[in-house]
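One chain, subunit A, appears in both complexes that follow, with subunit B as partner in the first and subunit C in the second.
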Partner chain A sequence: MNITQDYFSCYGLPCSFTLDLVALRKLHHRLQHHHHPDRFVSESDAQQRRAVQVTTYLNQAYATLSEPLKRGIYLLQLEGMDPLAPTNTQMPMDFLLQQIELRESLDEIHLAQDPEAKIDVMSALLKHQASQLEDEFAQAYQASDLAVAETAVRKLQFIVKLQQQLDALEGVLLD
Partner chain B sequence: MAYSEQVLDHYENPRNVGKMDEQDAHVGTGMVGAPACGDVMRLQIKVNDSGVIEDAKFKTYGCGSAIASSSLVTEWMKGMTLDQAGEIRNSNISEELALPPVKIHCSVLAEDAIKAAIHDYKSKQ
Partner chain C sequence: MALLQIAEPGQSAKPHQRKLAVGIDLGTTHSLVASVRSGQAVTLPNTRGEHLLPSVVRYLADDAPQVGVNAQAHLVDDAANTVMSVKRLMGRGIEDVKRFGENMPYLFEACDQGMPLISTVSGLKSPVQVSADILRALVQRGQSSLGGELVGAVITVPAYFDDAQRQATKDAAQLAGIQVLRLLNEPTAAAVAYGLEQNQQDQGTVAVFDLGGGTFDISILRMEQGVFEVLATGGDSALGGDDFDHALAEWMRQERQIPSQLDLAQQRFLLRLARSAKELLSDVETTELCFEAWPGDEVYAKLMLTREQMNQLLNPIVDKAIRATKRTLRDAKMAVGDVSRVVMVGGSTRSLLVQERVSDFFGQTLLNDIDPDKVVALGAARQADVLAGNQTGDELLLLDVLPLSLGLETMGALVERVIDRNTPIPVARAQEFTTYQDGQTAMAIHVLQGERELVQDCRSLSRFELRGIPPMAAGAAKIRVTFQVDADGLLEVSARELTSGVAASVQVKPSFGLSDVQIADMIKASWTNVEDDRSARSLREQQVEADRLIEAVTVALAEDGERLLTLKELQAIENQMAQLVSVRNGQDHHAIAKQIEIMAKASDAYAAMRMDDSIKRALAGKAVDQL
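For the complex of A and B:
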């Protein structure tokens, strides 16, 4: 196992945003089993270290490819791009306006009579937006329109963060 | 990570939080976002006929450093000309707030918000 190759190649997959997650999990488990450090306990120190390195690499590969957001960022990084560069603060105005509105409603959820219902509504909206952005990214990446793909994945990052905040709020309010 | 006293002061008592009428020809609105941390910042300036910033407001959804950075620049900008405000650099902000390296991007966000607000105001004239 060459641990300097890209994460798609290690599973024998083409670089693509569209991925069969069930097949990926099976491939991952097979490779993970094959390279598991437990199988190398009677081998040399060097081989044991190697098995640990390969396992770590495979875990990173799986964690990256199995999450749409991480997979999108990774695909652009393979193209030499840095979609989350802290110096890039330009986002489409309508998107930022909507983000501010969503955060305002998030701040007010705890005041609502039925916060759980509000949380469900917002969660459904965020899931819908995330899935639209994933489709947008997949199409743009397929068409090698990397600028459009980058905007989509940057937007997706905001949506995922907001979903995390919403989950955290749900934990605080409903537990 | 510990916040500096300057950051805590602005975070606990943010100056100039609010919203101005975006349609007003004297108001410039800058909106920026940092995907890495999911911060969103809206910065608005009200400019008088002699090109001096009379008032500034902000609303920031983000961490303490991002809120402090925007709060600080709204204080700084009042009374400045557009050119003076356009010269505010993120290094001025991070120095004043003693931001650690991992939070420098918050001051970048504030600098870019100022530029965006000035640009919006000028495009309306």
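For the complex of A and C:
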């Protein structure tokens, strides 16, 4: 296993945003079967260390490809772009305003009479937005319109962050 | 140390040369050794036919230590030299031990690394040494019943064991001369014991509900095509069957108005009464609690307890376990309906109430036909057989996760999370840090484990120092810290300054670890303290920012303040700085942020002057072609 190749190549997949996640998991498991340190417990120290390296790389590859946001960022990085650069702060005003609104409603959820219902509504909204942005990214990437793809992935990052905060809030409220 | 059979790479053992490997459940109260014989995992008994080895070691002045039943017999008459429950001391520091060691009859001494040592007639013994003595007894039992040298062992640890506790366990095995094939999490081992990979209808999501005497572990796994993958692990390490006994004992005390100041014998009496009532009520509907043998002068009347009443008392405790289960399902991104099998482990899952509640929660019958005391060792034996290479073809593969997040201390005593809990292992992550002051040549690296945002709330795993960073302006050096967690869940940290290549590496091998209660508290607190943490974090961040600004302006003023500024300008800056110092020491992060802004504005013009001045000085006396 060459651990310097890109994550798509190690699974024998073409560089693409559209991905069958179940198939990816099966490929990942098959590779783990061959390379996991459990297969090398009676081999030399060097081989055991090598197995740890390879599976570390595979776990990183799988974590990157199995999440749309990480996958999108990774695809752009392969194109030599840096969508997460701290200097990269330009965002469309309407999107930013919408984000502020969403954040305000997130902050008010715990005051609501039925926070659980509010969480469900917001979660559905975020899921819908995320999937729209993923489609946008997929099309732009396919058409090699990388600037549009970059904007989509940066918007997606906002949405994913909100989703995470919503999940954390749900955990606290439902406990 | 036993000589190991070493095979050349690629050369596997011949079919008839079955390698002897065992699974070991190194438990708090008792331990077991098991192995696969004729395709079946079985626990191995001693010559008297006993399977459970009490985890007790007695040290003698001129003889080898006694382990097990023989040692247990002397817990009272030779308490100081007879060590029990050593698992609770593994990976802990002397401070931890002093805190919960009050009930332990041992004389503790601290060694250099802060590890607690027990003073016995045969000298000072570390918890690692005591565990090694138990392991030696188990390995001897394994060798004599299997009739040969062992190639190695799979040793189980609680899913919640932190790095220090895992490392201590591995050290004990090394000391006992055993090759550790793998450290395996107890709930994972239990799931393996049921052989779920062999049946097509058992594929899917499996929950392992492990309620012991003092701890509760819940793991969510996915079984798919011979791969057993841990999706999330959680629990409450201060929750267990002991809480049931305490709740019942407390109820009895209140019912009979027994004063709350009880001596040890009276406490034990109530707990014993509670335990036997609990066991009786699994068979009968009502039982009588009798205080005749009360160790005291008072006389208390009998008391009736029904199963219904008992369940009401115990339900709040089971609720806690169900809540932790819900949380872990959320972490695994699974719903209750996704779970296709539920495995029950731990002595406290014998309780009918627990079985009913868990079965109701998951809406299905439970897997509990393997003896909950043996299931972990049996699973470890199966995994040992796989790892030793005794199975061919598509054997079982276990993929586990990191149980507790790892992080580094950053400015302001904040923890920068580097690897989140429930990340599949092996895993490596690198994080870059920079220097905080001009000319800084050393940097302390402080590795922590836990879920909270402040250093003081997480467990310190290790500290080391990176030296020899070339002097650079603040923020110019780039220090990359790499965390590597291996398949045993053990951590290695290395650090490198990228512009100069200065390297430092440590294997995280501290002398202390987390107490179970601490882990439970830390995790629980991370849920309840999200808000606190957030404002505490904002405060620390603003304080760090304020310190940075104060430091920069102080250095600049000392250098050229008087030369470049008028007295009035100088005083204005100093006034704002004094204000910043005063709000910085307060608790209001908004006020600090505001004052930082004012201060920055007040020193803007001065910063511009300094810039001009330094350019002028750099150019002074130089011809254009010299530049």
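The criterion applied here is as follows: the second predicted complex is superposed on the first by the 175 of 175 C-alpha atoms of A that agree within 3 Å, B and C clash if a C-alpha of one lies under 4 Å from a C-alpha of the other, contacts with A are read in each partner's own complex, and residues count from 1 in each chain.
The rule we apply is simple: contacts are C-beta pairs under 8 Å (C-beta built on N, C-alpha and C of every residue); 3 or more make two chains touch, one makes a residue touch a chain.
Since this is a predicted model, take the numbers as computed values, not measurements.
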_After the superposition on A, what does A:Gln139 contact: first (subunit B), second (subunit C), both or neither?_
neither
*Check whether A:Ser66 is in contact with subunit B, with subunit C, with both or with neither, and answer first, second, both or neither.*
neither
_For A:Gln163 in the superposed arrangement: first (subunit B), second (subunit C), both or neither?_
neither
*With the two complexes superposed on chain A, say which partner A:Pro37 touches: subunit B (first), subunit C (second), both, or neither.*
second
*Check whether A:Ile100 is in contact with subunit B, with subunit C, with both or with neither, and answer first, second, both or neither.*
first
*asked:* Contacts for A:Gln77 in the overlay, against subunit B (first) and subunit C (second): which applies, first, second, both or neither?
replied: neither
*In the superposed arrangement, what residues of subunit A touch both subunit B and subunit C?*
none
*How about subunit A: which of its residues touch subunit C in the complex?*
25-26, 29, 32-33, 36-38, 41-44, 47, 52, 55-56, 59-60, 62-63, 167-168, 170-172, 174-175
_Touching residues on subunit A, where the partner in the complex is subunit B_ = 83-91, 93, 95-97, 99-100, 103, 154-155, 157-158, 161-162
*Along subunit B, where are the residues that touch subunit A in the complex?*
31-38, 40, 42, 59, 61, 104-105, 108-109, 112-113
_Which residues of subunit C touch subunit A once you look at their complex with the stated criterion?_
5-7, 9, 19, 151-152, 181-182, 224-227, 229, 323, 326-327, 330, 386-389, 394, 397-399, 423-428, 484, 486-487, 527-528, 530
